[in-house]
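There are two complexes below, and they share chain A, which is joined by chain B in the first and by chain C in the second.
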Partner chain A sequence: MNDINYKKIVKKYAPKEKKLKHAISAFLVGGALGLFSNIITTFLNKMGMSIKDATVVVLILYIFLATLFTSLGFFDDLVSKCFCGLIIPITGFAHSICSSILDYKKDGLVTGIGSNAFKLAGSVILYGVVAAFILCLIKVILYG
Partner chain B sequence: MTYIYSFLFVGLVCLIAQLLFDNLNLTNGHITSIFVILGALLGFFGLYDKISYYVGSGASVPIMSFGNLLYKAAYYGYKSEGIIGIFSNMLQTTSAGITAAIIFSFICAIFSKPKN
Partner chain C sequence: MASFKFKNVFLNDYYTLCYKNDFTNHFKFNYVFNDYYFGCKTLEKAEVKMQNTVLNNLIKNNLIKYSNIDLVVGGDLSNQISFTNYNMQYFNIPFLGTYSACATFVENIIILASLLENNFIKNGISLTSSHNLNSEKQFRFPIEYGSYKPIRTTITATGAVGALLARNGKIKIESATVGNVINSTIKDVFDMGGVMAPAAANTIAKHLKDLNRSVDYYDLILTGDLGACGKNILKEILEIKYKIHLKKYNDAGVLLYNMNNEKAKSGASGPTVLPLVLFSKILNQKKYKKILIVGTGSLHTPVMVNQKNTIPSIAHAVSLEVEN
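Our next item is the complex of A and B:
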């Protein structure tokens, strides 16, 4: 078999990347999460809760649902279907903590769960704190 | 109207993240770190407050609001307590998200068995 034929065959059987489909589903799922947070906040605000408290309640609700679905086992299927629509909202943060706890649960309470819980979420906290600290210092030096 | 704006804003953020993920071959750790730093930068330039004025509570859903809240809490701490305030106030407003994630995932992980 010559070289050109081989490349053609590889191209034929390589998995096609569905970039457009992924982008559309990420847009729709992320948008739906934003929309529902606004609807729930408005509802709680009418019940007599302040907007600030209602926002925190919505975030806690999303985190609870993400951890529940992860531990029941079907959140990973949802993530593989609409990837960034669920990773970029706060559900991705909860999912990364919960899934790394589940993965290392067999190694015991301290060496498994304790030392591996922040394996993925640690990067979010570390770079968030470092960036906020540096930007805060810049703001203090420039504007006082 | 805030409903439509929040749908469009969160959707667009997820769309940009998905395009970056597909075209640059990054892992999801890279993507979330980039967006947290981006959120802190938007907070630094004062843009995130303007966005959340139009978008409402939908602006707090993407991980970008994490960086924005960290920056705002640190600067507020500097204003009220000086340099020490940056260290003692940094995680104040984001603690709800971190605490809820730790508590719920610990409880769920204790009572469930991993699949596969």
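Our next item is the complex of A and C:
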């Protein structure tokens, strides 16, 4: 297929993705999520909780909601509409683990859920740890 | 030569079963359902039951005419074509398993037609199925994971189809061409149309050349599941590389879904798309006499794709003549 510059033809007929629209919806949804979590944190802080504890409560709330909505079956529709607005926050992480578990729930506790739960999230954990190590190393070298 | 003619092989009967979502077109399917689990506990069992229903009904409808079925040739998209294998354990019928991805149905017909032509068997059933969620699980992301699908992607159709081939009937299987595996030079798993178009073009060109026919010989050329993008790509390759101008042409993937719906993306894919559209729309229209069906299959696996290999594809063609 090299003789007719096939890749050029394929590119010509590939429909254009609405990248700007996607970026705007991701920005708005992600921003709204951030705003909402800030409101809850401030509210909890006013109620007498420390900011640190309030942040943890918000994270737990988001993980719970993402897992619940994934299990109820409509979170994937939301994610495919809001894109990174819902994937980049902790909701995306919870969503990936929950969806993997739902896929393999009938395949046994070890062979199914155990070995597949981190199918998508595993790389986030692994490279998160590696990145943290490298950044700490740079910090130690630069600042002692 | 990879093209051959048949004298006495007919498509006698068929049974179509299709899952209807909000963007599937209204065709005359034999059985329509809207439960992905099909009354079973797992999706895997659901696909086995779908095939079971098709085969049971096909045999039941033709029990008076054929006391026993000589052979079933079948396949699906799963690893080790397990759904078909698991289904066939319930039937006491000799079985051949095939895999050409979405070209499986046409491959089955070619095998059965060759055996029928040589009088090795009296009748045979071609069986295939595909399930959207099982394919998602196997080839893409977990089902509930909301990954974004580009517009160029095709959506796997859910359904199962069986076709009974025998020595009499109204639809004659006139000739067939076995395709070559073509390296598409494309690595993008979302662009199945781009992957399969070169194979389809190669097979169509080979078929016309081998049998010394012009493209106008056919009332309709129907490709399997190239989708909206692949359809245009095929036309352009045939023009540039083979100097064939396709006019009476359509793609089953575009016909099965309502393309105005955004969720339909670029169209339907899967081995069942071509037979579903052929049996429940094209043949019902009674408009076309000579039809060339081209099943197109993308022969990729997640492992080979992850290792950054280009995706090979295959296409098989069968020429049908509808008698009044």
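Everything that follows uses one rule, which is that the second predicted complex is superposed on the first by the 126 of 144 C-alpha atoms of A that agree within 3 Å, B and C clash if a C-alpha of one lies under 4 Å from a C-alpha of the other, contacts with A are read in each partner's own complex, and residues count from 1 in each chain.
Simple rule for what comes next: a residue touches a chain if its C-beta (ideal position, glycine included) is under 8 Å from a C-beta of that chain, and two chains touch if they have at least 3 such contacts.
Note that the coordinates shown come from a computational prediction; the quantities given were computed from them, not determined experimentally.
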Partner touching more residues of chain A, whether chain B or chain C: B
Contacts of A:Lys139 with chain B and chain C, given as first, second, both or neither: first
Which superposed partner A:Tyr6 touches (first chain B, second chain C, both, neither): second
Contacts of A:Leu78 with chain B and chain C, given as first, second, both or neither: second
First (chain B), second (chain C), both or neither touched by A:Ile60: first
Which superposed partner A:Asp103 touches (first chain B, second chain C, both, neither): both
Touching partner for A:Phe43 - first (chain B), second (chain C), both, neither: neither
Chain B versus chain C as contact partner of A:Pro89, first or second or both or neither: first
Which superposed partner A:Leu120 touches (first chain B, second chain C, both, neither): both
Partner chain(s) touched by A:Thr70 [first = chain B, second = chain C, both, neither]: both
Footprint overlap on chain A, comparing chain B with chain C: 17, 22, 70-71, 73, 83, 87, 96, 98, 102-103, 106, 120
Residue ranges of chain A in contact with chain B within the complex: 17, 19, 22-23, 26-35, 37-39, 41, 51, 54-56, 58-60, 62-64, 67-68, 70-73, 83-85, 87-90, 92-94, 96-98, 101-103, 105-106, 113, 117, 120-121, 123-125, 127-129, 131-133, 135-136, 138-140
For the chain A and chain C complex, residues of the former touching the latter: 1-4, 6-7, 9-10, 12-17, 22, 70-71, 73, 75-80, 83, 86-87, 95-96, 98-100, 102-103, 106, 119-120
Chain A partner contacts - residues on chain C that touch it in the complex: 41-42, 137, 141-152, 182-186, 191, 193-194, 198, 228-229, 232-233, 236-237, 240-241, 266
Residues of chain B that touch chain A when the two form their complex: 2-3, 6-15, 17-19, 21-23, 28-29, 31-33, 35-37, 39-41, 43-44, 55-58, 60-63, 66-67, 70-71, 73-75, 78, 86, 90-91, 94, 96-98, 100-102, 104-106, 108-109, 111-112, 114-115
